[in-house]
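By written order: A, B, C and D. Residues from 1 in each chain.
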Amino acid sequence: MTEQRGGSGLASVLRIQGVLVAIALSAGLAIALVHEWTRPMVMAQRGGLLGDAALEVMPGAASYRIYVRSADGGLRPMGDDDTPELFIGLDEGGHIVGAAVVGSGMGYADVIQLVYGVDPAAGRLTGMRVVASRETPGLGSVIVDDKDWVDTFTRIHLPFDGEQNLRNLRVRSNANHEQGEVDAISGATVSVVSVTRIISSSLADWLPILKAEFDELSGGDRG
Amino acid sequence: MMPSSHLLSLRGAPHLHADSAVPRLMLHSVIALLPVSVFAVFLFGLAALATVAVAILACLLAERVCGPRSALGDGSAILTGLLLGLSLPPALPLWMVAFGAFVAVAVGKHLFGGLGGPAFHPVLVGRVFLQAAFPSAMAQAWVAPLAAGRATELPATSLALPFLTPDAPYDGISGATPLSALKAGEAGEPLLSLWLGTVSGSVGETSALLLLLGGLYLVYRRVIDWRIPAALLGSVALFSAVLHAIDPERFPAMMTALGSGALMLGAWFLATDPGISPTTRRGAWLYGLAIGLLVVVIRQFSGQAEGVMYALLLGSALTPHIDRWTRPKPLSEGVEE
Amino acid sequence: MTQELWGVFLNAALVNNFVLAYFLGICPFLGVSAKLDSAGRMGLAVTFVMLVASLCAFGINRLLGMIGAEYLSLISYIVVIASSVQLVEMFVRKTSPALFKQLGIFLPLITTNCAILAVALFQTQREYGLLEGLVFAFGAGMGFTLALVLMAGIRERLRLVDVPDVAQGMAITLVLAGILSLAFMGFAGMGASA
Amino acid sequence: MADAGMISEREDGVERLRLGFWRENPILVQALGMCPVLAVSNTGVNALTMSLATTFVLLSSAIVISTIRGIIPRQVRLACFVLVIATFVTLTDMAVEAFALELHQALGAFLPLIVVNCMILSRIEIMASRQPISVAALDAIGMGAGFMLGLVTLGSLRELLGRGTLFGAQVMPDRFEPWQVMQLPGGGFFTLAALVIGFTLLDRSLKRWREVPA
């Protein structure tokens, strides 16, 4: 890789530097240009994918507003440079019908990104869609393909202890959905556990915020 | 390869030093496996018989196709088929059994240079291939022990057409082996039935007691090196006892660990294969220890219910290294080549 | 926290072994793994460079994040990792000729190894922090070494047997890797605590 | 591989195309550049995308390098090559992300990894940095096509046996039991080994067949 010999003297060093810098600059320029050109498309597609998933997991929702967490821990509407974090679903009349949260975490093979719907008032999940994953096709990919399993997320209640503190969702065979248990699938244990863990830890973050802000947002329907 | 090893080692295992060694090994191994095979047919009926028969026939056929020289006479294909059949779930579609047998012999054995060459035990190659290829079938094709009518009819799944999914659902209660029940946090089988073998499981892995007897017979006949199963079972016993002492809720007791799954089958009949196990005594201890540790680690800490097959494969990958570390230093280079 | 780090390590080293699950770094895998000695040393050198790469990637991500130019990350990884490795190589050559003889000769080879860049890319994609990233890199390197050494042992043995001639060389090595890859599936799910 | 560097400038383009496609096939013969692509060779579509992206990067880098080969100082030539390759990889990555987001997600970090594809660097070093544009481009196309031949065959086989489909369309009978192993890394290794053996056998019998009439 290194060529110690070769032309010596300041001139040749300068020439080498010059060529390198020139190539690097044009490379950077080309990348920056294409980036500026493709970024809006990428953002739109991203938002679209997540938005479609969000609509699917919020029953009754016809449209949504997108929020992200603000620096003070509250919520603010999504800006141009943000990636969506929370969808608030609105029905035809513009009334709030639910919330969908974007969560992500490590699966078996790679990062899993998903959207899950949650009804903070009723204390239950309203659905789940995996948006991006690279789980083993035919095995772990059931978290995307197995409609029956995906549908159970519309029936899962959040597990609270007596004090109304949220406990973790758990994976079990013969799951009791009332108790926050998710069905196990043989051969896809890891992926199923990952999805459950992602939702569980995301809920721990979001549920307090949602509970606090949900009423306020409902009040702010007209805005 | 190692000039001095057979001068210093007094092992009785056949290192291909006599022509009669291979058939002798095969013969005694088959004899040692007879009780457990008969018991399997008693336990699972026709399903067990068909699985073992198809596995043996497919191995013979594959041997015939792949082995250019007539190697059918040495009995190794029969033993491979028998062991593979015993290691599979009884209601597995028979075409899968044949497929696995073919992979075992063609890929596991002949691709790696035929008898004496293989780096991995052909049976394990076939078994792990089937496990990876048809995970749902392998996880469900269990048969309840001593089911009524087992002597006269085959499970419908056994007769699935080649390369097709069976019409009928797998009869067995999914995940019904004692180990997978333990993994799911359910109560295990009573210790006695675990050791006698009146439980669900692969065709020939259920009866720890009969396998133990067969293994002892092989030791008595000096066909296998007793150190390997001793070290392997000892290390499984040790590590599971330690884990059980730490958290009895989560980890099964020592005798449960020893009596369940494919442990006995693997320890006596697969790990001891002279082709894949170390050549020195010290190596044999190390090898058994490593596999035992891996068995416990995989069973208790990974997503898999049973770890014996994986542990054995990884163990045989360690063999060349163990041989290297434990090789007696030659007195002088090149005494004989 | 330690639990999570342990999980990251196990995942990188065993469950998603770079060589056996991602096919990464198999060029040296096919070339070097025939000799046991060099396989081990190569593995250690790779582990070391992976740690360097992880550090570099962390720094680059911070820097590019600050100026909002994440799209330049790939090109920066390549350049920075390559030059850091070169610096390390020069440093090792000066300070410890013995170490250089053991590991250094592999360094230029490794710079363009896909496994190295993959460490940087995966770590970024999975949003690992500094410590997690280093543990991940270490795990990936250990896993790489393990795979390389296991393969080398078997390949040395295979020289003594009669492998069919069409399968010799690349094909048999691939089959070997395939079987090892299936054997490593035993570790599936490890480190992912339920 | 050694003699590939000695190909003279006079050599005609068709021969270059043929070499890359068959006798020096990067995947099946030279075992080059497999690392970043094998992991996503589990379906025909993934394999096709990866090989198209790789070919695009190889071709454009070859053209650029060959154009500016006069001004690249020898001492830093590798750095320059890598810069150019990395630029095109980034461009490709962004383009795929913009036009096919789901495909981009399926390929994950493996698309940017094309940058360290040893085939690309070796073709640039051996051909593009020494040959005129036309030769370099033809070589790149030949190699790219050979790469695609190997990779798409691999991907299709893995998809066919592992899922019963081909480029997403159901091919196998309804009740075909997919060989899941083909979708796993282990199956990837096995399939590639089988392809290599198959290629060697085919090549041998082709040679024999050619020799008979002579």
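Definition applied: contacts are C-beta pairs under 8 Å (C-beta built on N, C-alpha and C of every residue); 3 or more make two chains touch, one makes a residue touch a chain.
As the structure is a computational prediction, the values presented were derived from the model and not from experiment.
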### Query
Counting C-beta pairs in contact, does B-C beat C-D or the other way around?
C-D
### Summary
Averaging each chain's Cα atoms, the one nearest the global Cα mean turns out to be C
#### Entry: Computed distance of Cα centres, chain D from chain A, in Å
33
### Message
How many angstrom lie between the centres of chain C and chain D, each centre taken as the mean Cα position?
### Response
22
### Task
Compute the distance, rounded to whole Å, between the mean C-alpha positions of chain B and chain D.
41
### Query
At which residue positions does chain D touch at least two other chains?
79, 83, 86-87, 90, 94, 108-109, 180-181, 184, 186-187, 190
### Query
Taking each residue of chain C in turn, which ones touch at least two of the other chains?
21, 71-72, 75, 79, 125, 167, 172, 175, 179, 182, 185, 188-189, 192
### Task
Return the residues of chain A touching two or more other chains; collapse runs of consecutive numbers into ranges.
1, 24, 27, 31, 35, 110, 139, 189-190
### Query
If you look only at chain A, which of its residues touch chain C in the complex?
1-2, 24, 27-28, 31-32, 35, 106, 108-111, 170-171, 189-190, 193-194, 197
## Note on the structure
chain A partner, complex, touching residues on chain C are 11, 15-16, 21, 69, 71-72, 75, 79, 86, 108, 111, 125-126, 188-189, 192, 194
### Query
In their complex, what parts of chain D are in touch with chain B?
173, 175-177, 179-182, 184, 186-187, 190
#### Entry: Complex interface listing, chain C residues touching chain B
36, 149-150, 153-154, 156-158, 160-164, 167, 172, 175-176, 179-180, 182-190, 192
### Message
Can you tell me which positions in chain B touch chain A when the two form their complex?
### Response
135-136, 139-140, 174-175, 184-185, 303
